[in-house]
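Each chain carries a letter (A, B, C, D and E) given by its place in the written order, and its residues are counted from 1.
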Amino acid sequence: MSDQQGPPSSMDVFLRGLWQENPVFVMLLGTCPTLAVTNKVINCFAMGVSVMFVLVMSGLLISLLRSFIPKQVRIASFIIIIATFVTIVDYAIQSISLDLYDSLGAFIQLIVVNCIILGRAEAFASKNGPAKSMLDAVGMGLGFTFALLCLGVIREALGNGTLMMDTPFEISLFGPNFAPWSIMILPPGGFFVLGLELILFAWLRKRREQRRAQTAQA
Amino acid sequence: MNTESLPSIFINTLIVNNFVLSMFLGICPFLGVSSKKETATRMGVAVTFVLLVSSVCAYGINIVLNYIGAPYLTLICYIAVIAAAVQLVEMVIKKYSPALFRALGIFLPLITTNCAILGLALFQTQKGYNFVQCLVYALGAGGGFTLALIIMAGMREKLELADVPDIAQGAAITLILAGILSLAFMGFAGLGG
Amino acid sequence: MSAESRLLEIGTSPHIKAPEDVRDIMFNVVLALLPVTAFAVWSFGLSALLLLAVTTITCIATEHVACLLAGKPTTIRDWSVTITGLILGLTLPPGTPLWMAALGSVFGVVITKSLFGGLGYNCFNPALVGRAFLQISFPVAITTWVPSGLPGRFTSLLPSTLTAPFMNMDTGAVGAYIEKALAAGGIDGWSGATPLSMWKFADTPEFESTLRLFSGMIPGSTGETASWLILVGGFYLIWRNMMNWRIPTGMLGAAFLLSGAFWLTDRAAYPSPVFMLFSGGLLFGAMFMASDMVASPMTSLGVWVYGAFIGVVTVIIRIKGALPEGVMFAILLGNALSPLINGLTQPKTYGVKKKGLFRI
Amino acid sequence: MNSSAKTFRHGVHPPECKATADAAVTRIPWPDEVVVLLSQHTGAPAKATVVKKQQVVRGEVIAEAGGFVSVPMHAPVTGTVSAVDLALNPRGELAPAIMIKRDPDADPEAVHGSPRDVDGLSAEELIKAVQDTGVVGLGGAAFPTHVKMKVPEGKKIDTVVVNGCECEPYLTTDYRVMVEQADKIIAGIRIALRATGAPQAVIAVENNKPAAIEAMMRAVPAGAPISVCSLATKYPQGAEKMLSTAILNREVPSGGLPSDAGMACFNVATLAQLGELLPAGRGLIERVITITGGGVERPGNYLMPLGAPLRHVMEFAGIRPDARKIINGGPMMGASVASLDVPLTKGTTGLLVLRDDEIRTGRLEVYPCIRCARCVDACPVFLNPSALGLLGRKARYEDMAEQYHLYDCIECGCCSYVCPSNIPLVQYFRIAKAMLRERSASK
Amino acid sequence: MTTQAQAAAAPAAQHNSGGSIPMLRTLGGLALLSGCLLSLVYQGTNERIARNFEARVRDAVFELLPGATQQKVFEFSGSDEAGKDTPFTAYAGYDDTGRLVGVALEASDGNGYGGEIRFLYGYQPDTQQVVGMKVLLCKETPGLGDRIKTDEAFLDNFKALEVPLADDASALAHPLAYAKPGKGGGPGQIEGISGATISSKAVARAMHNSASLMLPVIRKHLSELQENKP
């Protein structure tokens, strides 16, 4: 928790990326891939795992090398490290499935400029030990994946009537005669769903605060 | 080799496949720097400029990497060279045009991490554009980015005076606006020929 | 002294007011829409009636609920949301499944109006956003046309109207229904296209006669067919000064000139400017949608620019774009640009040398 | 309406309601006591030269000008000074005033004064003489007339505009003055021409007053450089800036004076008083006021001594039970009266007693701005009242002044009049100006 | 937003002189390390990625040529409409007995709604028919243009499309052309999908261009195809 005194516990480090400091919903980082790839649930998983992999690996390496990297070239070094891992992910996905690779498009390579990764490298990994950095990376990665799924599930369910399309686990939600809301898997749908989810979360937060205020009064 | 005509490339990137509204590139600055028309215009000009520079750089790098047969270094080289180019541009502007630097300066470091820049470099390689096509592509992308940014700024200035419900204020309403704008831009489909 | 203190109540000048208020303006727009609505029901029958009722009632209910949720007094009495509902219904094809129409109504009102703070603060026309949402989401359902004046239209519904929620409409059943009804009326041959798409997507362009376009006996969206009644409504609003006449004039004028220029280059490939004006939703859009005060510019010059922009974009989309009809998107783009147009067309303030920035 | 008549762009056409146009000016009964406020004009207040219990004669100076932008006061009645004290002014504030108890035995019409030879005076002397009459702008602004006549260094006045527009609905004082006192107006114009050195004068009258136009034309002597100009009937035709556009096709620069456009503008009633008082060497002690509106029993145009309490005037005119509001001035720019104890001043052009149905012509509910642009099309100084109102609502006063020319607003009320959302726009603008004034004062 | 990254980038922009040797050493070291790592990864995955691409085409070929169980790739070259020599690949499919079932050929058009459309089609030289079509690359609008992948009525166009060659076997007997939905049926006509006109037209155009380039060449090399069994 941000209002807590003293160094955060390991559990807090892990959990805050999921909710209190969720990179997408709270900090509005990495909105480009969030909007671009969430038209399919499988893309969300792939993107989430890729980002998590890059986060963890670069976090690990950076926190290990943190005392060897001069301050002046810190960002340049981070970018080289991140770009290396992103390229690895890029090749890995190509070798696993070309269809997946096609549907993610350039956004795998664009992980390089995803603010979440550079931000965590700068704000956390370069200041903390490897164990904590990895925990933070996993938390942030899960938070990012969770946010992607929040969009992806809605967009795929309404936009195609399915969950997990293009995988062996495809589930049809509404039967064969469903009329898909094509807009959901098109660009405007991304903007609308993220916007509406932000409103939903703001409303939930507001209601919780009101409740808390009421109990505090009582 | 891509034989797409130059007007077609330009129209397509400017409005049909607008970088921000249909490709989701550069959303961060789009949300962050679109509250005032003046800053939006400056940001747009700065991004267009950097797009042109990095497009040229990426074109060169691609030739070199193909020559030495190391496609796996594409990403690292692109990002490194773009960062360096932005830095260089910043220094040159600072030295030769302090006025321009004051107008654009603060945006330049921000632009390095703008995915529109790297995205442009990657896409132009993927599409196999020649040099002139690359330049037109960069110009169209920059123009499209600026257009989206300025339209958005106009509407956000108007929104400042509206009674937006408090839970929708900030990023949420901006995203909704962007969504409607993106919807409106879908009408341009097919204009690029 | 209560009479005297009442008499001496403070008020600020001016102490008199022109009698018209927002409600009067909005109500007159509803009045102007009524002939078109009546014709829609007459020419497309029960399905159109149900469709219009669903969009109107859903829009009103949505606004009411949104006001309740926001803790504001309800604003449905100002008639503005009734206009939204009517216009949305009038821009949909008569056979649109009712659930889609209701979805579009909710989407348009919530996304475009309620979230922006209600009447006056929306940047776009809510009916148009709802219509665009449906167009992009359900392209097939939204382009399935029905002939005007179909026999039996007052006794039975089109098979698509009552499609179950979330389900796709059965276009085959609609086709069969229409053919059967036409055969019963002794007519055969039905192209299933609006005059605009007949021109655009046929191998050899076919042009509907101007008289039929004007009379409204053509397939199309429920409200866009009867050009003469749209003109009646529009002129009524202009006469009552409830609409800025420059918007439709600029829009239709620009569309006429540009399509005229195309036509002069190749009369076989491009339709005549008259066809352009009276086909599709151009006239309806010009009179009732582009002229929405809230989302259009405020300066006289700005309004000309705005109208002309919409007219030009409409013609470009129709002639060069992938979509058969561009009015809706052109108006949405015009809405998006109107704050900028306002800014660039600020009149010179009295006694001030330099032009100012007109930001809103 | 004559469409070819000269006019300005924008503006509104409120119903004219000039029911008292044909009522000749009559005098109301004398009040027992008058309250002469020392600041009935724009500028420094006058300084009292009398003390309590002093005997004064009607027309005698009782207060001298407090500076150049100030005028002296004259006793409106013969009687005894009962107090030199604070009294309620029309703005609802307490202000210094001289109270005079009328001597019921004295001849009420007798008046103090010593005639002088106008033609022998130089321009400078003439301006001083004008100041001595105590005449201020009787169109409502109450700006000292002699100050307007003094041409600033380096400027040249080429036209004296005589404002007989009376564009406010209901009011008919200027109309009556033109019809009844055309010769005095011409005499006043001659004084104004001499004092300002202007070569010509134009009498501007709205074309809904043909009798006034005819009277003025008849009064203009052959060969005099005075013309009568018929203007379109439109509010606010009588505002100086609008007259400048309509007659001279020039704009008064933002923040400038009419003299910057080579124009000096005087109200017809002002010049009529001047034409009468200056040669007679007397002071301003009375004026014509329209009392009208659906809530009054005896509407008409009345000659009243300045300082007569409103209560006295209203008792004479009679208030109907269904009256709802009393307004000091016209319905577009006048102020609502908060107390019947305030006295008439030199700036009072009329008193309106309005019924509910005259004020509330529509529903009163306030809606959000729907950007119908009616205000933009009405604003005679080409502002954007809609944007100003929205900014005012969010208390963004600096933006209003810097980006939207708030200070060029003449508060004519056109925008509020036409607004279908019933937004109190003018009120927002006044508040904004007041807040900005306060902020800059506290800096 | 980018605030964090911006804050991070700002100090980097300052050029503090703190001895550039360690800086260069670090950057050089990192670059070397990443270069080595990436070239290893590239070597490791390169083959597999290439195999993936092949498999994608191979599966499509089997799908398009019913009965084919083996295939062989031929490289031919023909002259296009401009007379330019254009190389292309033909995937010949054979059944268990080694009989030539048909040839799968590639067609593409860059002017679809969302850019390039690329597809394979099966061609039976003995019946002179196109027997199937499968989209390989399509960036068309979901729900609209991308129905060229799934719309049954549209795919039926290619189930038995007569593409006879002219008598001298150097060109098509009749062109392949787009037809309005419901208005097709003539020789060589490909009926479009209503609402997806641009995408359907692009497919028809690609089909025509590809067929008129490749089919005469296939006829010329038919015996070679039949004899060179896998």
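In the analysis below, a residue touches a chain if its C-beta (ideal position, glycine included) is under 8 Å from a C-beta of that chain, and two chains touch if they have at least 3 such contacts.
The model shown is predicted, which means the values in this text are computed figures rather than measured ones.
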Any chains in contact with both chain B and chain C?
A, D, E
Moving only from a chain to one it touches, give the least number of moves from chain D to chain E.
2
Chain pair, A-B or B-D, that carries the greater number of C-beta contacts
A-B
Which chain has its C-alpha centroid farthest away from the centroid of chain E?
D
By C-alpha centroid distance to the whole-protein centroid, which chain wins?
C
Compute the centre of every chain as the mean of its C-alpha atoms, then state which one is farthest from the centre of chain A.
D
Chain-centre distance (mean CA atoms) for chain C and chain E, in whole Å, is 43
Report, in whole Å, the distance between the mean C-alpha point of chain B and the mean C-alpha point of chain E.
30
Length of the line joining the C-alpha centres of chain C and chain D, rounded to whole Å:
50
Using mean C-alpha positions as chain centres, tell me how far chain A is from chain E in Å, no decimals.
33
By residue number and range, which residues of chain E touch two or more other chains?
1-2, 5, 9, 31, 34, 38, 41-42, 113, 141, 143-144, 198
Where in chain A do residues touch two or more other chains at once?
28-29, 76, 80, 83-84, 87, 91, 115, 118, 180, 182-183, 186, 188, 192, 199
I need the residues of chain D touching at least two other chains; which ones are they?
368, 387, 390
Chains grouped in pairs wherever the two touch, ordered by label:
A-B, A-C, A-E, B-C, B-D, B-E, C-D, C-E
Touching residues (chain side chain D, partner chain B) in the complex:
368, 387, 390-391, 393-394
Which chain E residues qualify as touching chain B in the complex?
1-3, 5-6, 9-10, 13, 31, 34-35, 38-39, 41-42, 110-111, 113-114, 141, 198
Partner chain C, residues of chain B touching it in the complex:
37, 150-151, 154-155, 157-159, 161-165, 168, 173, 176-177, 179-181, 183-191, 193
Per the touch rule above, chain C residues touching chain E in the complex are 137, 139-140, 143, 192, 201-203, 322
Which stretch or stretches of chain A touch chain E in the complex?
27-29, 39, 68-77, 80-81, 83-84, 87-88, 91-92, 94-95, 97-98, 102, 115, 118-119, 122-123, 159-160, 180, 182, 185-186
